[in-house]
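So, here's a batch of structures to check.
In the two assemblies presented below, subunit A is common to both, partnered first by subunit B and then by subunit C.
Presenting the complex of A and B:
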């Protein structure tokens, strides 16, 4: 094999050292699993962030199939100080895609570790490898006629449970808080040790996917949104498929209705009357995912005026806010809860309820109903056609489930986005006490001026929300260092102390969530 | 399904390529004869619309008159996406180009990644009535394509900007810009991209053909690509 001469190298690594590492990777993994050519790396470099592709270009990509291979890779990385960026399915679209946080990092792609290791239909759990997709699990459950239901994020069919959970993603069913449903991880540490969380360390244990906490410190959370290890197996709980499932939508006409929507929803969520992660989508999220394009209404630059939003509402019957929820259980349970829910809306005096029977196969109701019942689809990708241009960054501040808070956040976000000529495309994902306020900052990456505007807009969103005491729960790789600062120096010091202890050579995804021994300076 | 240049033009006259939809990915691949430009059959993935028709027009112009272009209409259908990925994982040789909307392209390109394919060209395009913007991420095989595209657009008086990044390069992106008041050739970019992608890696003396006049606005946002497996 000819010597590699690559302009993209890991930070602080010279060509000769890199080439030695690549040769060792080839010996370990075989030629086909070590990707260094430009046309093999472009697929890992399609980003949607407001940055140059070059800023997130990998120097190489590796594919592994076993834990032993991962241990071998880490040994080489430690020897040559090669930083590695691990992906499972790599479908974290609005949060950075598959590209590494820093230019030159070597991608470790675990897509080939895609075995469903176990599904227990009695205890209702699964144990999977990183490359397993929700689509694969769905097919398995259907083919084996198992009475189980999945919970997943919108890219459902092609995303995977391990990656989504490790990034603390959410879904839309009663099991929608995915990390809460996680039970047992296997993690390869930077020194090659294989650590199992919870009950997994007990020899002969048969409760690894049953009981989360084990004994002593519980460390599972430490490995999420972090760079302390490579997760190679993960267990998670599955919801039994209910005998009756009743999805519904409630359409609200006015933007200010968000206050009352949230006040009405909170008690229903806290009591468990509505058990799933409810979504409240604004008109543009609804329109984009319902195949409406901005160019259908206007080609004027800048943000879409409110008059156009009203016109879309009038033409499509969509609301300023569109609430999607579902009831699950026996017929008796669903009937009782349906009465409680409809009475609550009647008392509110606002909102038009749409049932599945009324909606039929219309979008976006159809895909929402599918997501809430664990049926994968790709409908929500339509958002990328709303404005077009390939730019998408999810700004995701957490809000208390209080009406005035949500309204305040919505107004603040809209004002800032409009200042930069961009649209407020948003949904609230409603937990009992918090709201994930997810805003898709959509812009045209082919337009350098607009890309710069989107970048500044995202920075201002972070700054202005922080001034009000808000912070995001998750962010794309371009802004991870910036967001880490929002959470204060003590947390950062602790995170770096852990990093020094577990990964002294800083080989595991330096920069992930702002954790990087090379650049972090204690305040 | 195979189409020749005449059917592409006919499709344009009908304002869409609805008449040339393919039956399925597998059959599209299986049905293709060898091209004189490249060894493998060339499969084009497109949505419906005038830009896509012009793209196909350009792609056909790069092919020998005897060669055929396999055309597959694509949307966000999970069935297609997963089948595409499966074929790639199985190692089925493919030579695929395309011009798609952002949603379909995001999926196709990610399937290409997980399927282990190579991507030689990734273009982000936006066009309004008088100006088009192009951001190209390319590999060595597409050396010179950005200049060819720029020359062609400049020659016909279209307003444009082209930004080019080369994968694995130390050089930062470079930009080529031309402004124009003409709008008559604002659609040229679509057929030029089709031509360039269909002839990628093949020495050719053919000139990029001027796009046929179309009364339809070729506006919007698109993604072009060349995938090899």
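Presenting the complex of A and C:
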């Protein structure tokens, strides 16, 4: 029988104890589902963060296919104090990918749990297992000609709804705030209990995916970005496919236009005139996702000068800011809202509107239009070619949807990134009242010096934004403990009190979002 | 100008409004019940399917995000190494996502495709 040969152990667990656990895992899951060899584990250790791979290396990986197996795994973990890191599809790029937050954690890989349990085209919802991908759902909807539309993040073709929602990811349709559209979870607790949120606990209920709140405390949120349970099923609402869909872009020439863009957009979003998660992408996001590479313009080290950005604008027709939005509904509804939108831009006196007819199949318009209508693609990965080298970390502070705030954040981020010789590659994802200010900290991970710079840069971004009262909504595993501190001690005390109550052996993803009974207040 | 849905979809919506139970009957009750049928099986039924659903999303010459890989007769061991390890920004894929047999199928399929035309 194969022995573990990658010389990585969970923190505080000796080899003999680990081997006992591995033998129990093999008995429970079968040899093929207990991965301990280095070549089997290497796919789980591919990261884009500015950390050493060794710091996020797993000691083993388990693949489970049933809730009962997960209960069995947790029993073994409790007996031997084995920490596990659960993944659904493992596609959390730029946030840690599939790798565990701490070296030595055993990965629980749920990709094989890939059943679409139900899609109801009348009530417009789906119930899925963790391993289901958006691509799989899209194919199913298309093959069965269901009048439904998905919402997903940019890695749509290969990522999945459960993992994305549990990390509170967002998409680009009117259903783009994914956790808001979640309805009903099944969660395996550390003690093996199987808990269903909302109406899921009512015997014979047929409203688990219909009514979110159930009765008494509503606990769904505490399982997201957290380590209190393992979600094995999740329901979510699907938007009916509209009779008419009209995507459009508005191109703005100047960096300072962001103030007026946001002021103009907010009332259109709050009123629902523009219903989807609008994107306002800066020139480098637009260029990167449109397959423009930095090396096409300069080979000088450091940040890309503004003069080059202007040259790219001139050569490509892209804007300093590029707004993507869409209208959905009947022809009458779309016509009315289109008039309101175009009147607003006319009144602003800035912005060049591009329709789908004008854009044709050009990128990045094409992929944006697909994302806003639930058609998966991976075109946005072109961003990674801008600088090359495979380094990417999302710095994603929340901003109020106020023009002056967005401008202040953009300037602050750009200044810090330039200080470290990196580029400001950003988009604002526009909700009615907030902005996810998503910045891709791109760097050459194969260059040790640049990786170190990116690491320091990310730390300074967090520090300087915190001084202004800003914090990120989500972060990669290297910086989760740091970001937890931004949200204050009372929240952390409460989170650890819950952790002690639900998972006293600290076996579920210790360190996730800074929640770890072994280290918190013990230093 | 706006884009109406396809005729089939529009018809379906009409049917849904008149005969809601017609769609209820079509309500998808489980698909891909791999582990209800015994041992888990790969989602990928052919190299072509895997290429179309995953690889081509970046590597199709028309997409231009990843290097074109079709028609280059890449050895299966090389394809496997890149799939498992990733390369620069290309993500790695664990065996639960793409199993060894599917990698072999996609390598064979890629070899059967013509090489993309040279760029001017």
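Things to note:
Just so it is clear, the second predicted complex is superposed on the first by the 516 of 523 C-alpha atoms of A that agree within 3 Å, B and C clash if a C-alpha of one lies under 4 Å from a C-alpha of the other, contacts with A are read in each partner's own complex, and residues count from 1 in each chain.
Assume a contact is a pair of C-beta atoms (placed from the backbone, for glycine too) under 8 Å apart; a residue touches a chain by one contact, two chains touch by 3 or more.
Bear in mind the structure is a predicted one, so any value in this text is a computation, not a measurement.
In the superposed three-chain model, the partner touching more residues of subunit A is C, compared with the other of subunit B and subunit C. In the superposition on chain A, contact of A:210 is made with neither subunit B nor subunit C. With both structures placed on the common chain, the touch criterion links A:54 to subunit B but leaves subunit C unconnected.
Look at A:448: by the touch rule set out above, it reaches subunit B but stays clear of subunit C.
When both complexes are overlaid on chain A, the residue A:308 reaches neither subunit B nor subunit C.
Contacts of A:359 after superposition on the shared chain: neither subunit B nor subunit C is touched. Once the two complexes are overlaid on the shared chain, A:37 sits against subunit B while remaining clear of subunit C. Once chain A of one complex is fitted onto chain A of the other, the partner contacts of A:7 are limited to subunit B, with no touch recorded for subunit C. By the document's definition of touching, both partners, subunit B and subunit C, reach A:390. By the document's definition of touching, of the two partners only subunit B reaches A:295; subunit C does not. Residue overlap on subunit A between the subunit B contacts of one complex and the subunit C contacts of the other covers 39-40, 42-46, 48, 89-91, 93, 98, 111, 135, 157-158, 376-379, 381-382, 384-385, 388-390, 445-446. By the touch rule above, subunit C contacts subunit A in their complex via residues 1-5, 8-10, 12-13, 16, 20, 23-24, 26-35, 40, 43, 53-54, 57-58, 63-66, 83-97. Contact residues of subunit A toward subunit B in the complex are 6-8, 37-46, 48, 52-54, 57, 89-91, 93, 98, 111, 135, 157-158, 295, 299, 376-379, 381-385, 387-390, 444-448. If you check the complex, the residues on subunit B that touch subunit A are 76-78, 81-82, 101-107, 109-114, 117-120, 122, 124-126, 128, 133-135, 137, 139-141, 161, 163, 165-173, 175, 219-223, 228. Of all residues in subunit A, only 35, 39-40, 42-46, 48, 61, 63, 65-66, 89-91, 93, 97-98, 109, 111-122, 131, 135-136, 139-140, 144-147, 157-158, 240-246, 291, 327, 331, 334, 355-357, 376-379, 381-382, 384-385, 388-390, 392, 445-446 touch subunit C in the complex they form.
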